[in-house]
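Okay, so chain A shows up in both of these, paired with chain B first and chain C after.
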Partner chain A sequence: MEIKQPQKLIIGNKLSDESFITLFMIGVLIILFGLACLVVPNFYLPKNILNLITNNWFIIILGIGVTFVLITGNYDMSVGANIALTGVLSVYFCQGANVSQNTLANGLGLPYGVAVVLALLCAMGVGAVNAFFIAKLKVPSIIVTLGTSMLARGTAQVITQGAQRNTSLPDAFGVLGNWNLPGTPFRLPLLIMIVLITAAFIFERKTIFARRIYLIGANPEAARLSGINVAKYLTMLYIFSGLLAGITGILLASEYQAGVSSRAMGYEFDALVVTLLGGVSVAGGFGSVLGMFVGAIILSVVTSAATGMLLSPDWQFTLKGIVTFLAILAQRYALDKRKG
Partner chain B sequence: MEPTENVLEIRNLVKDFPGVRAVNDVSFVIKRNTVHCLVGENGAGKSTLIKILTGAYTRTSGQILLKGEEYNPHNTRDAKQKGISTLFQELNVVDQLTVEENLTLGMEDTTFGFIRRTEKINKMVEVLNSIEPSIKPNQLVSSLSVAKKQIVEIAKAVASEADIIIMDEPTAAISESEIVRLFAIIKNLRERNVTVIYISHRLDEIFELGDYVTVMRDGKHIETKPVADVHDRSELIKMMIGKTVFEQYTPRSCESSEPILQVKNLSNHRLNNVSFEIRPGEIAGFYGLVGAGKTELARALYGADAYEGEIIFKGQKLKPETENAINAGITLVPEERRTQGLFTILTIRSNVPVMNMSKISRGGFINNALEQNAALEYVDKLKIATNTIEKEAAKLSGGNQQKVVLAKCLFADADLLMLDEPTRGIDVGAKSEIYSIIRQLAKEGKTIIIFSSELPEVMNICDSIYLLYEGCLKSTMRNCPEINSENVLHIVTGGA
Partner chain C sequence: MNNTLQKNTFRQQIEHSAEIRANIKRYYIYVVLALIVMAFSLMKLDQVTFFGRGHFLSPDSIINLLRSAVPILILSGAFTLLMISGYIDLSVGSAMSLTAVVFSWLILNGSPFLVAISITLVLGLIMGALNGLLVMRLRITPVIATLVTLNLFKGIALLIVPDGTSAIKSTPTQTMPGWINDFARKDVLLGLPWAFWVAILIIVLLTIVQRKTILGKYAAAIGGNRLAAELSGINAVKTIWLLYIIVGFFAAMAGVARASYMSLGDPLSGDGMEFNCLIAVLLGGTAFAGGEGSVTKTVVGALIIICVTIGLMTVIPPYWENLAKGTVLIFAVVLNHLLVQEKIKA
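Our next item is the complex of A and B:
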């Protein structure tokens, strides 16, 4: 019973659900920002607006990996601990060898460049362990990545004896995290974040690789039967997410000139919250890094407005929790409304 | 005992799905304390009817009277409370619990949340003991055979005073000797005031067990009569297939050419030493009932399941990997289009190219224009009814969804296209369109394999027919108008 269809088909003029939810969250951001400007003095100043972005570069970098992993319908809760591990390793590898009585001052004495490469490889190794259990053994990702999280942070604690390493470092160590673009307040980590998010945006919209990530999230069984090697893609994504955590870890260690085993506690949750705020679906197959970026700014507005209102920092977690649930409700409402 | 009272009356029952009327104005009655058999080909509407009775589906219109009262269950539990229990193919027992715990599962008496040992438990155990004394109440259910698990479920239904027990192919997975035991129990149930609705593809069972038989076809009720009044199997088979009008199709012969596909001694958990050859341009049809191993064969050929044996395609031995099969030029339209074939939350545009992305991209980057043209081309070619290629696949009708899956496979430029139940659950119009697409493809030189549990479908479009029964290839024949469908049904129902 085929109905005769008009030959003219409408093409490409429909807003995709991803764009819709991103626009929706931008709307939410503008409203929240307006409210914050009303109640917090000087919130509207350009310097403050810039800070909202620059103070969160690390969450945004992590968010890129977490977004792609979440689009496949999986989680990466190991990124926070991976930052700590990589930071500590980058210090340990290039600390002078046998220079002191203090074990925490002695490292392997490798050149800084080698230390960075090795630390990044270890970060990707954590991702590879995640991938092995999730893609090959089909263990739920949330359990696996919480497990590797414990392993990574545990290793960092062993290497730092539960504290930190910050002595006998080469001069080059502090450069990456503190270098400024001449004549601007923009430091290297921010620039790296901008490059990464731009690349991720193009990657997500344009490449076959990214398209397959969405397909896997939308229907893993159909993806497999369409000839997509699901395990291979999951493996690459987890290694990529590990690499991003590694980059963040090295930059943070460089900024503070220390490898601290308790660094980046809870960052994995922040990264997850911003992806949710950005409209990435926990069911998989849906979301965008641009949305995640907007989500990161929303979280930043909320937390810094709260600080500006002299709310005790003790409220930060509660606030993040509330924001998370509001984000999920808003997402659900907006999409249902659109579908209905 | 003369069973006279009607325990269940179905009046003008209708169930519509988008694009399909699965149950079409069905009316019949089931008499108390009888074994009432329900037969029909796949797609005849039996399952839908049963799902309405068990509360899984809501009817579109019509009336059902249970013991003279309006019956409208909200879910399986509700149906059970009202008196209709079901023995599903997927049994509802918990392996890790004991027999006794399973019997009372979901209806335990409790005091402050603690389970109390009551009369109810004793009664359950008693009923089980009277039906099958060899099952001990403290035994773990995991230690029981499938047949004994079924008996536990039957006992549970009897003890909870079910008026009707629906049995959906209970003999599909149990051994001969267990079948004998099960039948004895079923025959005994009428003494316990229980009516049985019995569904089976094995027609011999109907003569052995049934008091009445109802035949359904294409969603319609064909006939209900006492089994004693049915002459033989072929009378039933005739009612089941009806006067199928085969479209004039002259099967072609491709004997001369070298085979494109050679399968040698293929075996796995469901296949038993299957060997055959298919020639280029041939439309081959594998026919068999549910559980005959059609889907398993398709999946093995496609590299989606592990197997032993050899698959040689275009002279090259295949590896059991889907990626390898697609690259070699094999694609599959899977049985379950929504869960296995489609990305329902994505648009038509995104669905069409997934099996051959290199065709819409340059250097790993997707070219929008190529992607759009691909989707437009196939929407046009397969006449997919939509006003835009940006529509999510979920919002299309069954027939159009199937066309999207087909487009996906065609876009992969395969030489061998396999279709598993290509027209299941889609309406007659879309069905014939899909047939003509398949014929056109064969004309263009593609090789096609169809896996179907509908005989008219196979006889309608295939050049050669392969009959499967319980994982074995039982018979191979060229399709011709002289093929005796009764013989075919005889073979695929386990006849020698």
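Our next item is the complex of A and C:
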């Protein structure tokens, strides 16, 4: 009779898988950054490094919502359209009423603050619609969110007749997007992004809500049997994701002082890419917003290096596809190796 | 005796209602198509006569409709087969664009039609094989894997088109031969082009595959329960890989049809085709996770989408398109849920 050898206990390996992957991606980031510095002159200038983070602030905010949704094993592809819709609505609600003959210059004439609140409510409404179909009717999230994406963008296009609304705006409109912390180049959207990501990271690590989200992703049936109201959590996550998209939409509309129906095209794919780059597993139950942040910087490095190498912008699609693909494979390889 | 009578009628009632439900499920889509066609036929009757010029059911309009429907008709059959097996391919739109670009590039640079179409179809096989590799061998989730290939194909298509132009088309130095249009536009039978009849042939073929061949049965088995199918001896990896290759092949053919129709290769022409196919499949009653579905009903769904898109183009401004399509998608999802998912709950 064979005596089985005792299993090798993994003692002393205090680093969680999530932290391992985040560190792994930071390593990848450093390598890519080094390569970029070799290929592109002046890549290492502090101004450029700062740009790497500030260029992507909207993707990072979206990425927070997408990360939590992806951890539960679902997708949210409606965030880009949500941004456009919220921006257009925030313009439409506070454009002066009966100002001119042109219908695109007439709005509802509400005060800016009210317009912002209403637009955010609509953004959350989109999230609620998503949640209804996904949590209640159990329709696959990729299909639902692509559908709501079409609805949201379609609504934005109808309100702007396919173009944009940018006239008869109150003076308060351009403040939020363009406000500078006095004496620094830090604009309000960037500060909001920093606050949100810090809050998200603390939330992810410390709250029971977040722990339950991980369980829902890892094993939905076990979560349900443990008494977690999965539908309620999914609803809250999708409404939260919609709210984040709404905030981004308001800020972008304020920055450009226009509600453009074609804004934020493809942002949902970028948000998904940076989330995947950051190590969030598509199977659910694994990942971190910090990883997503690192993933956003990786994407920044890749795209600005590509621009610096004078590659045509058409390369972006191919690069994003290849980078995502390599990242998924590398992460899986690293995790498999670790598990021994 | 009274009780037995009551029990019989009760059971009859249940059977009767189940029968009604089964009939609704089998025929609802034809009813929807008929309603939509009727709705569009009743529009603008103050300006045009029934079947006259400009009317929805006039010969010109019907021919135009069917000609525009060719790419989705070609593609939706294979897409259905893949969805029956529970797998999805979101890259078909970009695959279509890429093959359209390659095909027009070949024709522009002097290839004869048969050579160009052969090369393009081989490209389609390769693209499908790539998708299969990512999903089955590397075991990446189909959604993510096909999103990756979507970006990859779109990027390659954009790179092939020279900077400064929007598509592969006639330039001051090279002209696109006029016969490129023949495949998708020239009247061959009943006013409809070769491309349309090829599409019909493909639909018939794929219906036979779905209903009568082992491949169709295996696809449904894998969709129903992949583990059970594999334990029964079905090689899921080979079967699904083959289905992805088939989808790639027909995406290429759809690309050829689109390029021929427009006489140019537009790297963005296929954008959104995957949504159209998805809506058609959902309308046709295929369950999301697979296991059941029907090529013919998907084709009817595809016709519904074409009617709605083309019909709306004549009635409302173009910027309503996304809202309309989104509404149709949500409608298809709800319909699909009511009719199909109900069965799974029981």
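Just so it is clear, the second predicted complex is superposed on the first by the 327 of 340 C-alpha atoms of A that agree within 3 Å, B and C clash if a C-alpha of one lies under 4 Å from a C-alpha of the other, contacts with A are read in each partner's own complex, and residues count from 1 in each chain.
The working rule: contacts are C-beta pairs under 8 Å (C-beta built on N, C-alpha and C of every residue); 3 or more make two chains touch, one makes a residue touch a chain.
Since this is a predicted model, take the numbers as computed values, not measurements.
Peer 1: On the A-aligned overlay, A:F317 touches which partner chain: chain B = first, chain C = second, or both, or neither?
Peer 2: Second partner only, chain C.
Peer 1: Per the contact definition in the header, classify A:N98: touching chain B only (first), chain C only (second), both, or neither.
Peer 2: neither
Peer 1: Can A:T184 be said to touch chain B (first), chain C (second), both, or neither?
Peer 2: Neither partner.
Peer 1: Between chain C and chain B, which one touches more residues of chain A when both complexes sit on the common chain A?
Peer 2: Partner touching more chain A residues in the overlay: C.
Peer 1: For A:T207 in the superposed arrangement: first (chain B), second (chain C), both or neither?
Peer 2: In the superposed model, A:T207 contacts chain B only, not chain C.
Peer 1: Given the touch rule stated above, what does A:G285 touch, chain B (first), chain C (second), both, or neither?
Peer 2: Only chain B; A:G285 stays clear of chain C.
Peer 1: Mind working out whether A:N42 is in touch with chain B, chain C, both or neither, as first, second, both or neither?
Peer 2: Neither partner.
Peer 1: Determine, under the contact definition given at the top, whether A:M150 touches first (chain B), second (chain C), both, or neither.
Peer 2: second
Peer 1: Go through chain A and flag every residue that touches chain B in one model and chain C in the other.
Peer 2: none
Peer 1: In the complex, go through chain A and note every residue touching chain C.
Peer 2: Chain A residues touching chain C: 75, 133, 137-140, 142-144, 146-155, 157-158, 160-162, 261, 269, 272, 276, 282-283, 312, 314-322, 324-325, 328-329.
Peer 1: Sort out for me which residues of chain B touch chain A in the complex.
Peer 2: It comes out as residues 19, 302, 304, 322-323, 325-327, 332, 334, 339-346, 350, 354-355, 357-358, 361, 364-366, 368, 372, 376, 379, 383, 385-390, 408, 412, 427-430, 433.
Peer 1: Which chain C residues qualify as touching chain A in the complex?
Peer 2: Against chain A, the touching part of chain C is residues 88, 134, 138, 140-141, 143-144, 147-152, 154-156, 158-159, 163, 275, 278, 282, 288, 317-327, 329-330, 333-334, 337, 341.
Peer 1: Which positions of chain A touch chain B when the two form their complex?
Peer 2: Chain A reaches chain B through residues 1-3, 5-6, 9-14, 16, 206-209, 211-212, 214-215, 218-219, 221-229, 285-286.
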